[in-house]
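Just below sit the structures, each encoded as structure tokens.
One chain, chain A, appears in both complexes that follow, with chain B as partner in the first and chain C in the second.
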Partner chain A sequence: MLKYLKERGPSGARLPLILCPGCGAGQVLNYTLHAVDKIIHEDGIRKEDLAFISGVGCSARLTSHYLNFDSAWTLHGRALAIATGALLANPELKVIVFTGDGDVAAIGGNHFIHACRRNINVTILCVNNGLYGMTGGQVAPTTPAGIETTTTPYGNVEAEFDLCKLAQTAGATYIARWTTAHPRQTIKSITKAIRKKGAAFVEILSQCPVHNKTSPVEMLHNLKKNTVSIKKTKQSEKGKIRIGEFCDITRPEWTAKYQHIIDQYSR
Partner chain B sequence: MNKLHINPGYCKGCLICVENCAPKAIKAADKINSRGYNLPIEDDMKRCSGCKLCEIVCPDFAITIEIDETNNKKK
Partner chain C sequence: MTHPQEKHFLKPGVHYLQGSQACAEGAIMAGCRVYAGYPITPASEIMEHAALRFPKVGGRFIQMEDEISSASVLLGASWAGAKAMTATSSPGFSLMQEVISFAIMTETPLVIVDVQRPGPGQGYITTSQEDVMQARWGHHGEGSIIALSPSSVQEMFEFTIEAFNLAEHWRSPVLLMAEETVAHMRERVRVPSQRQIKIINRKKPQDLGITPEQYLPYGHDTIPPMANWGEGYNVNHVSLVHYADGKITQYNPEMHFENVRRVQQKIENNISKIARLEAKFIEGCRHLVICYGSVSRTAIEAVIEAREEYGIDIGYLKLITLWPFPEEQLRKVVKKVDTIFVPEMNLGMMKHPITEALRDRCKKIIAIPSLGNLHAPEDILDSICKELK
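The block that comes next holds the complex of A and B.
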């Protein structure tokens, strides 16, 4: 997948990635590039038709620094606002918003809700590691209850945010949740999400080995152990995180509706 | 036989690839390299099935598996 990365920039070599060893964000980037590669080869979409937009955070570092696509590194939480603008200027664009949980759930929560409500043609990939990794491992809205972070040394007392339920209520048309320990399923879901005409949200539970003070391999084991497929409904599997495809519906898309109005009233 | 290429400049030794390799064709090196990382090395590449899962799960784009076409045709 190195053909899609900028190995060298104006100031010398850009790779290796700036992320810590075993970070889930790098894995999600790899999965995304596999999905994008599949779409470029199968659907006949050009590289120029894709745009990557990201906010601020560990996951946001990946797009404009390393990707050889059109990309924008924007304000914290405002990636979806910039994506809306990009789509209004060029509705044919396939916009992929690469964001983290602090970006999309905390500071950019409102933009996220309204992007889903408007059903803009955007693919939202959320790398959810359950804390603010870049600033030092503080508690985030997505931190599960009882987890120790730097600001909750005795365990988190707050309930966590279920982003998939939020997206479904707000009106996104494709919603899926996977973990970094499910590579093939994640690639399949991201491919579906990019092909979907409408707001598509894929949440990828990822590991932060540095702030959780666990080895990456052990964290991947825990992710596999603590999640259960949406298809299984046994009593013993309650309390685990549910993963799978939650929703795949069709609703009129926002820019298409605008185009309809333009066609109706233009002379 | 498939060939394993690891870029020692990119690899950070997280060993997620070794964990994901079901036929156990790769293993962790005993020696630590100059940057302080335990890189994955070949164990027995005859066991490699060519699923490329190690390439997919690598967070640092350090692994490439070169599939041996001649070997596949014989089968």
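The block that comes next holds the complex of A and C.
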């Protein structure tokens, strides 16, 4: 995997990752690079055809300067709009967006909905740790009700967002949810998401040991304990989060549809 | 990119166009192939014309969900190798400041057209020059910007091309500070043949013999060469203060200063190469009108009448480039005058840098303000006569 990373540059060492020990974002990077490696080897995709874009937050740090790919660490919430621009300029690119729950569901919520609606050819990988980690553990749209955070000192009065349901309603064509404790399943879903011609969304529930003041190992155990596969039950088990592949459909992709207009009117 | 469909370009010769159409046509001529926008009066005609025209020349048009995402599209498009633009009006321009700041720091070539309308707030939907300070100072943080001010449909066409050339050359966002007046005006436009139009494209590391292994996305030169995505250069764009290779850890104040100072000085140290102004009746004149944009159309009428009917020795100066402010050029042509009149469709904004540049070269600087309405020649003439007669 190291060939996909910039261990060092002319200005010195870049690794290790800036992320806190035990953070799940590094696992997500690992799973993503496994999927990318598979795609490069099996699909004849060139390394230079891939571009990684992120917004702002812990997850966004993955593209800050570690990747040995075309990449950009961009504006909070705007990664999907920027990805849309890259695809308008070059529809042959495979664009992968790293985002977090605050980045994609709060400040970037509108761009998320519309990227799904347009079914633009982008892979959206959301590292969901249920809070704002980089800024000190504030409440997020994905924080469960009742939870105490630095900005909900008396408990969260709001309901949490189900991002997979949101993506499905908005029109994404591949949707899955796993956790950092499910490496093989996550790698498989990310591979499918990159191969999907259209908006593909993979949510990876992740641990923030620092702000939850819990050990990483215990948090990973909890991620396994508190989730249930949609294959096992149609109904959501009380208190458990459903994980699995929610959607895998085909619908015309934006740049492919627009290409018909170009072909017809540029003659 | 799809190969440009040149047969769909505007034919050389004389056309009768709206300013908004001329702007979109200028963009096509400059090589712009990605347009993203969000509707707003009085700028929507530019995006409507782009929607009609871009696919014909192999380009792509998209209507985004807001102005923030419209401007954001330009970033990704530019990195992936396209020339890209958006157009908006003042409230939308406020929303785009985030991207402008980011584009300055990442040195991303892109063009934003602001068809100014009055503010603050929703203000009104007529004409205005109230964003000229926002153009320079609206984004957070240091850095400089290039902003042009068109005064005619011809200039909407020509300055849009120039905006792309400047963006590509200086690796910078460029603003075309239009007004409702010039965007909705219909006039004759002379379109030269393609061979006569100068087009500048970004300098690339490939052209300089720099290999992917040697490439520094923010290094090599004051204006760093820019590799497009997909070319194997592993470019990483980053807006945190960075080293020349894009590394962002091991912060130190020297790296910070060097990074941000270079981004600002690549513009500010080259004002004589970037900025332009236009002068008439300027040689030894006793008084002076300094103006820009559509106001210059009525100001020149007022100056001619003041000279011919009232015998006032008054000159005319039009700023083509608002930012970087052409201070040196101004001081080269204005040696000693009595009174400087500054008619603007605001309460006196560009009067500030004009005062800073010329306070020792004149006795008095007088603003001639107008809000939401283009000055009639008589408005300017009356102010001149009131002061001088």
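The rule is short, and it goes like this: the second predicted complex is superposed on the first by the 262 of 267 C-alpha atoms of A that agree within 3 Å, B and C clash if a C-alpha of one lies under 4 Å from a C-alpha of the other, contacts with A are read in each partner's own complex, and residues count from 1 in each chain.
Here, a residue touches a chain if its C-beta (ideal position, glycine included) is under 8 Å from a C-beta of that chain, and two chains touch if they have at least 3 such contacts.
All figures in this text were calculated on a predicted structure; none of them were measured in a lab.
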Combined model on chain A where chain B meets chain C, clash or fit: fit
Which superposed partner A:G85 touches (first chain B, second chain C, both, neither): second
Which superposed partner A:H114 touches (first chain B, second chain C, both, neither): second
Touching partner for A:P252 - first (chain B), second (chain C), both, neither: neither
Chain B versus chain C as contact partner of A:S11, first or second or both or neither: second
Touch count on chain A, higher of chain B and chain C: C
Chain A-centred angle between chain C and chain B, computed on Cα centres after superposition, in steps of 10 °: 130
Touching partner for A:P216 - first (chain B), second (chain C), both, neither: first
Chain B versus chain C as contact partner of A:S266, first or second or both or neither: second
After fitting on chain A: smallest Cα gap, chain B-chain C, Å: 15
Shared chain A contacts, counted only where both chain B and chain C touch the same residue: none
Touching residues (chain side chain A, partner chain C) in the complex: 6, 9-12, 14, 18, 47-49, 51, 53, 63-65, 67-75, 78, 81-90, 92-93, 110-111, 113-114, 255, 258, 261-262, 265-266
Chain A-facing residues of chain B, complex: 9-16, 19-20, 37, 53, 56-62
List of chain C residues in touch with chain A within their complex: 1-2, 5, 8, 33-34, 36, 55-58, 60, 62, 64-66, 68-70, 72-82, 84, 98-99, 102, 106, 216, 229-240, 242-250
Residue ranges of chain A touching chain B (in the complex, touch as defined): 1-2, 5, 15-17, 19-27, 29-31, 34, 180, 183-184, 187, 209, 216-217, 220
